[in-house]
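What follows is a group of structures, each given as structure tokens.
In what comes next, chain A is part of two complexes: it sits with chain B in the first one and with chain C in the second one.
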Partner chain A sequence: MGLIKKVKKNFSSLWKGIFKKKVARIGIYGPPNAGKTTLANRIIRDWTGDAMGAVSEIPHETRRARRREGVTIESNGSKVTLDIVDTPGLATKIDFHDFMAHGMEEEEAKRRAKEATEGIIEAVKWLEDLDGVILVMDATEDPFTQVNVTVIGNMEARNLPLLIAANKIDLPESSPARIRSAFPQHPLVPISALDGQNIDTLYEEIADHFG
Partner chain B sequence: MPHKCTRCENIFTDGAVEILNGCPSCGWNKFLYVRDESETPPSTKTEVDKQEPAKKFLKEIDEFLVDHGVEVEEKVEPEPDEDRIESVRIMAPGSYELNLDALLERKEIIMAMKEDGTYMVHLPSVFDNKKLRKKRKR
Partner chain C sequence: MKRSQTISGDIMIGVQMDLISEDKLSRMTAMEKIRLILDGVKEGKILVLERGLTPSEEAKLIEMTMTEITPDDFAGIEIESYPSKQNQKLLDKLFKKPLIRTRLTVIGPANQLKTLKKDRDLISALVSSQY
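Moving on, here comes the complex of A and B:
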């Protein structure tokens, strides 16, 4: 049994060595309304011409993880093919009253809360199948949140390469420096997923880190 | 305001005929305005005046406490509790609390109902975990 196991292991590492994995599966994570889907849409539109999903000001618009395969990014001469997974926003509390405050009917708000909860569980389970993570943070918000700290700590424990996108720099109150000082151990790119500011730098970093 | 006869100190109500005709007991026709002790409206008024800033102050404190209380609650809610084993706590239909630590670190999903100590274990996630462990052992 032990011998077979060893042979199997050696064979699989040999196989991997010959056919190197060329596609990196990258997950876009972050709290609700940080701009994950806006970023996913921008990446996919820039490199394939399509879109990923709908965006909305109401939190938890994305309630199922969405995957787009074979997005090839070229930057500074390096080329990387990614499978991009856009995930529902990670949160610690979901209350349908918050959706009702956005003018939603009670039934719909409750359904949204249930789907958002399922979505978070799905997003967490996806982490096991990823090669790297783009963590999108809202640069206008305080970065020291339980969600950010927990997620970063867990990704570090998993040894998952992490790239922080400090989003919403088109807003005057944004402060990417605050995020940088909160999590100095990870590469950070200040961007505006909405108007495309600094997005080329993000592509360079993606090519560098996940290529 | 009542009037007092300045000689015999008899008191007559405001607008009484005696003031015009003269004091019936001593015949004096000079009177002095006096305060009615039973009424004492000026004194109560000053008390009210004194109370108003206090009321305002108390109101402000109440508002501050309410504001402060809400802030404290908000801070307390998302704090991770190390004793929590559940991944999801169902507070009410449509109201959920997620324990990201448990979700990220455990494979199995455990649900808790409110805070009454009722738990539900999602069996497929537990069995999946055991399968994986077995596979790893092999």
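Moving on, here comes the complex of A and C:
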């Protein structure tokens, strides 16, 4: 690389560094089982061809935060590059008996409970290192939970962008409208992470809000 | 479930409930509040905070709760609060750190306090005495 070119390149990255963060680090948050990993997998599959992590109907499947770097999303002419962090589902309680009810042996259930508590601590710590959050809610459930209130409150306190994904709209009992009326101050996109319904609208919003 | 002597001298069995004033809370640091909450809840108390916790205190409380969960003794907390309110004036938003007004909060042991319904202005909860 010629000297001039090199200088130019350094200058342009300095320029970008000052005026626009190159890569936004976005956390996918929400209660257990909301569909965070299903959504992370879909985003990463759509834009890179890879996958992120395991999905399960048993809560607390994700017990370690996972980061995928450099996912570029293009929508409606805008283009953003994101680091996507899939986080363990947040909760204020963990009872190993709940895992036994899913057919696990006591020992395994206790181990999962322990790992789940560690995963939640990790997810909370990650909140401090993010540029924005996609808060995934199961639209068939009551949105006014402490977990949702806490995530939203923390992003508002830091003046960081938050996008609500009202997930599982393929289910007839889902109600994105209930979520919208609970948190009217934030942009919301109804989606099905499972079958991909309305996912393009989510990409538009991501490009808009995290660009 | 607890057997206690009331102010009037009666012996009663029931669930103890502590209502903590805004004044007391405003004199406490984040960790002091969290300690007060977790110690109280582990004793089986229901706590009502006149003014709740800031979002960052709530996050710390979740973290501390997780470190204290043990399989047979403590399964965590049930906590319900109203969303905090922010400074809505545009100038304040632009130039100052957002001022957060926290609101009434109810906290109890996960196995004794169950939220029935919650919306913007009403929290309805069921307290059970079984421990």
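The criterion applied here is as follows: the second predicted complex is superposed on the first by the 191 of 211 C-alpha atoms of A that agree within 3 Å, B and C clash if a C-alpha of one lies under 4 Å from a C-alpha of the other, contacts with A are read in each partner's own complex, and residues count from 1 in each chain.
Simple rule for what comes next: contacts are C-beta pairs under 8 Å (C-beta built on N, C-alpha and C of every residue); 3 or more make two chains touch, one makes a residue touch a chain.
Values in this document were obtained by computation on a predicted structure and should not be read as measured data.
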{"item": "Three-chain arrangement built on chain A, chain B and chain C clash or fit", "value": "clash"}
{"item": "Which superposed partner A:Thr201 touches (first chain B, second chain C, both, neither)", "value": "neither"}
{"item": "First, second, both or neither for A:Asn159, with chain B first and chain C second", "value": "second"}
{"item": "Contacts of A:Ser78 with chain B and chain C, given as first, second, both or neither", "value": "neither"}
{"item": "Chain B versus chain C as contact partner of A:Ser56, first or second or both or neither", "value": "neither"}
{"item": "A:Ile121 touches, of chain B and chain C: first, second, both or neither?", "value": "both"}
{"item": "Region of chain B that runs into chain C when the structures are aligned on their shared chain, from 40-48, 58-66 or 76-84", "value": "76-84"}
{"item": "Chain A residues contacted in one complex by chain B, in the other by chain C", "value": "90-96, 110, 113, 117, 120-121, 124, 127, 145-146, 150, 154"}
{"item": "Interface residues, chain C side, partner chain A - complex", "value": "54-56, 58-60, 62-63, 65-67, 69, 71, 75-84, 86, 93, 98, 100, 110-111, 117-120"}
{"item": "Chain C-touching residues of chain A, taken from the complex the two chains share", "value": "90-96, 110, 113, 117-118, 120-121, 124-125, 127, 142, 144-146, 149-150, 152-154, 156-157, 159, 182-183"}
{"item": "Partner chain B, residues of chain A touching it in the complex", "value": "5, 90-97, 106, 109-110, 113-114, 117, 120-121, 124, 127, 145-147, 150-151, 154"}
{"item": "In the complex, chain B residues that touch chain A", "value": "77-80, 87-88, 91, 93-101, 103-105, 109, 138"}
